[in-house]
Amino acid sequence: MIVTDESLQKRSLVNFLKASLRGISQVVLIENAITGFIFLIAILFFSYSLAIIAFLSAIIGTLTARVGGGDEDAINQGLFGFNSVLTGMALALFLSGPHQWIIALIGAAIAGILTAALTYFTRNSGIPMLTFPYIILTWFLLLASYRLKAFNLRSDLIPQGLADWKLTVGGDINWLHSFFNGMGQIFFMDNPISGFLLFVGLFWASWKIGLYAILGTAVTLALAYFLGADHDLISAGLYGYNAILTIIAVSKVFNSGHHPLAFISGIVAACLTVPITASVSTWLLPFGVPALTMPFVLCTWLFWQQEKSCQSFK
Amino acid sequence: MIVTDESLQKRSLVNFLKASLRGISQVVLIENAITGFIFLIAILFFSYSLAIIAFLSAIIGTLTARVGGGDEDAINQGLFGFNSVLTGMALALFLSGPHQWIIALIGAAIAGILTAALTYFTRNSGIPMLTFPYIILTWFLLLASYRLKAFNLRSDLIPQGLADWKLTVGGDINWLHSFFNGMGQIFFMDNPISGFLLFVGLFWASWKIGLYAILGTAVTLALAYFLGADHDLISAGLYGYNAILTIIAVSKVFNSGHHPLAFISGIVAACLTVPITASVSTWLLPFGVPALTMPFVLCTWLFWQQEKSCQSFK
Amino acid sequence: MIVTDESLQKRSLVNFLKASLRGISQVVLIENAITGFIFLIAILFFSYSLAIIAFLSAIIGTLTARVGGGDEDAINQGLFGFNSVLTGMALALFLSGPHQWIIALIGAAIAGILTAALTYFTRNSGIPMLTFPYIILTWFLLLASYRLKAFNLRSDLIPQGLADWKLTVGGDINWLHSFFNGMGQIFFMDNPISGFLLFVGLFWASWKIGLYAILGTAVTLALAYFLGADHDLISAGLYGYNAILTIIAVSKVFNSGHHPLAFISGIVAACLTVPITASVSTWLLPFGVPALTMPFVLCTWLFWQQEKSCQSFK
């Protein structure tokens, strides 16, 4: 059989699309094109335009890495896609006005460059970059809106001095909503059905990680309630998404065994996202930008090293 | 003679307590269990409950490192204790309400994990972590109080916009108080007698370092007065504790010789804590958290490398 | 011929002065004593006292590095001078009152130490420090003014809560002024003739880099206008100086070839300084300090690695 140029090209295109879909699944640290596709369906269910932005951003991030000469394996695993996906979606959501789409897609491209740059600078330290490039970039571009007319910040992102802040704990919690919204908020969605679909994608990739994520989220939400977090924020899933991401990140390091200490430290790490989310939100209050996945990044950095030394016990 | 299991256990417990006391002495970068014990007496003189928290935190930090598989030598030197001691004490002091003690002790445990994580990430850079883990963690947990009902911030930690700030230089300075309080503030105490007892502990470990610390503090306080710092803050020792820590840190690097440039650079480093304390306090004003030992950390980082290249002259 | 001690000393003094002048030219990443001299003339044209501070700061930075045992080659290339030059000038300009000159010169000395320290700590990472030491130090020393009477901040550096901020786009732009002021603002000057003289110095060192800088600045200014930046700030050159520095930094990496991707990425990097300048200014608004060359540092860090991987294509 002769492999024609055309079939090679087709295969290359398929590979490229798979890499892009893996970029979407890598948002939850999973390398699985089908999971990425299910995630895309979940986003589509929430908003057509957001799903298009997510897909285009994944493509742009993967393309930027390829043009910039990134590591081929890492590109195929989707590791240059997820920061672009999140940046594109965040900018499309938190900005408004006529230029929001263009800014979102350019942001997705810059996210690819920033991911490459930060990965390069920290290559010797063993610190995983996770979603750090997306967070920094999104904060920066959102705040550019105060100086550039072309950037219009969504009107509910209001900076506030800490001196003027009053904590309200508020009304009832819908626990089922807070649970699925916690999954949904990973992609900025407060829609329980989209959250459910995301769980389907997660279970497709690994039912073990899925169950572990459910357990971790349940414990974390209970803790957030017990520590007296704002009930509305709990219901909206804003105390859940960092916990889910953290527990997936920590469990990934342990996929080889069932070390009891490792199991517990994953739950502890998820619980720690509650005070860290509270704290990061407070730091950012005077600047009026959301915490994004910073609590997850900080918590995972804190426990990653711990896991490594735990593994050496086995 | 046969070593029984019981005697081994007893010895192991004594070693563990010694490591914990060294954790207290390591707050001033000294490895000496008796100095740690004298420090504990000094804290006991100031407040029973604070001394208990300090001792429990030292034990928790040391225990966390042992469970987490930290380096045995470093644990015995107390290097996993001092960040826990400071974190526990700071949280117990700056928080109020029914949960402050539990939060303080959990904070002490997290400080142990954070110290291990940061030490791991910077292992190739040669940057000593000093009290950096404690500072970052304490700032984070104090600010979580704005979002979680279970965390109650002490009512005098008030955030303030820089635009509203007026510098008052205020009344008289009691130089003797400002001197001993400078030592006392290392452990958050504005009690001259406790400060005096801390000096006793320091001289026990090394009278050379003790004398050097006295000289450095005297020069620094004079500079703070000359530069027009708030007299009340000088009297409370808040311009002194970072200077003492810095001069001990710098002199530690030079314990092998009497290099004149080294001697001077220790004094210069101590003096630099004055503008750096002023600046860090300003940065933190909108967030309402205290500067803690950040000026010491920044100043020591600045001079540590310098010392190394100075040493290469000899 | 016998080389006398006297002639050796003379030569050594000439070398030292040349290294100091190269410290001035290194502000724009160029190693050329004559360019440094032309820059000094440009500053002299703007202000006698500022030129004296610039020259003294260059000497102090070079001297500090020599006393501290810095690398001889790096010292001769002026790499320990430029952070001191900028720190001295910035402190002299942004502080007022009787002590501003002394603080400026002491600041220049500390800048030398800080440059050495940061270079040492990042020696394995391959991150160039650029003007980062100067930026951090100047921000710190300016904010010390809120706590120390001896530091008087210039009255137009007013901190402001983001909630109170209104963006005004303002009146007409004088494009020629905004162009030359962009060059001038590298040394804090809003005088088109001084800006012109700086361009002369740049062309003396390399007309290729000069032309590239002109092209990059033109594209950047057009983008700033298109994105709706404040016209007054554009005219004052405040959207230009970071672009010029960035394009010089990026083009330096490519002086060996004419790679088309490299050429474009230099322009893209310059363009990116516009949103980054907008964003950094916003972050700093509550603290009331200027952005200095932080946008240039961030943008160059972002693209430096990219360039390296681009070069590997050739």
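Letters A, B and C mark the chains as written, and numbering starts fresh at 1 in each.
Just so it is clear, a residue touches a chain if its C-beta (ideal position, glycine included) is under 8 Å from a C-beta of that chain, and two chains touch if they have at least 3 such contacts.
These numbers were taken from a predicted model, which means no experiment stands behind them.
Student: Same or different, please, for the chain B to chain C contact, judged on whether over half of the interface numbers appear on both copies.
Tutor: On the two sides of the chain C and chain B interface, the residue numbers are mostly different, under half being shared.
Student: Given a C-alpha superposition of chain A onto chain B, how large is the rotation in degrees, taken in steps of 5?
Tutor: 120
Student: Indicate the whole-number Å distance between the mean C-alpha point of chain B and the mean C-alpha point of chain C.
Tutor: For chain B versus chain C, the centre distance works out to 36 Å.
Student: At least two partner chains per residue is the criterion; list those residues in chain C.
Tutor: 124, 161, 286, in rising order.
Student: Going by the contact rule set out above, which residues of chain A touch chain B in the complex?
Tutor: Its residues touching chain B are 124-127, 161-163, 165, 167, 169, 226-230, 272, 274-279, 281-283, 285-286, 301-306, 308-310, 312-313.
Student: Across the complex, what residues on chain A touch chain C?
Tutor: Interface residues on chain A, with respect to chain C: 68-70, 110, 113-114, 116-117, 120-122, 124, 140-141, 143-144, 146-151, 158-161, 286-288.
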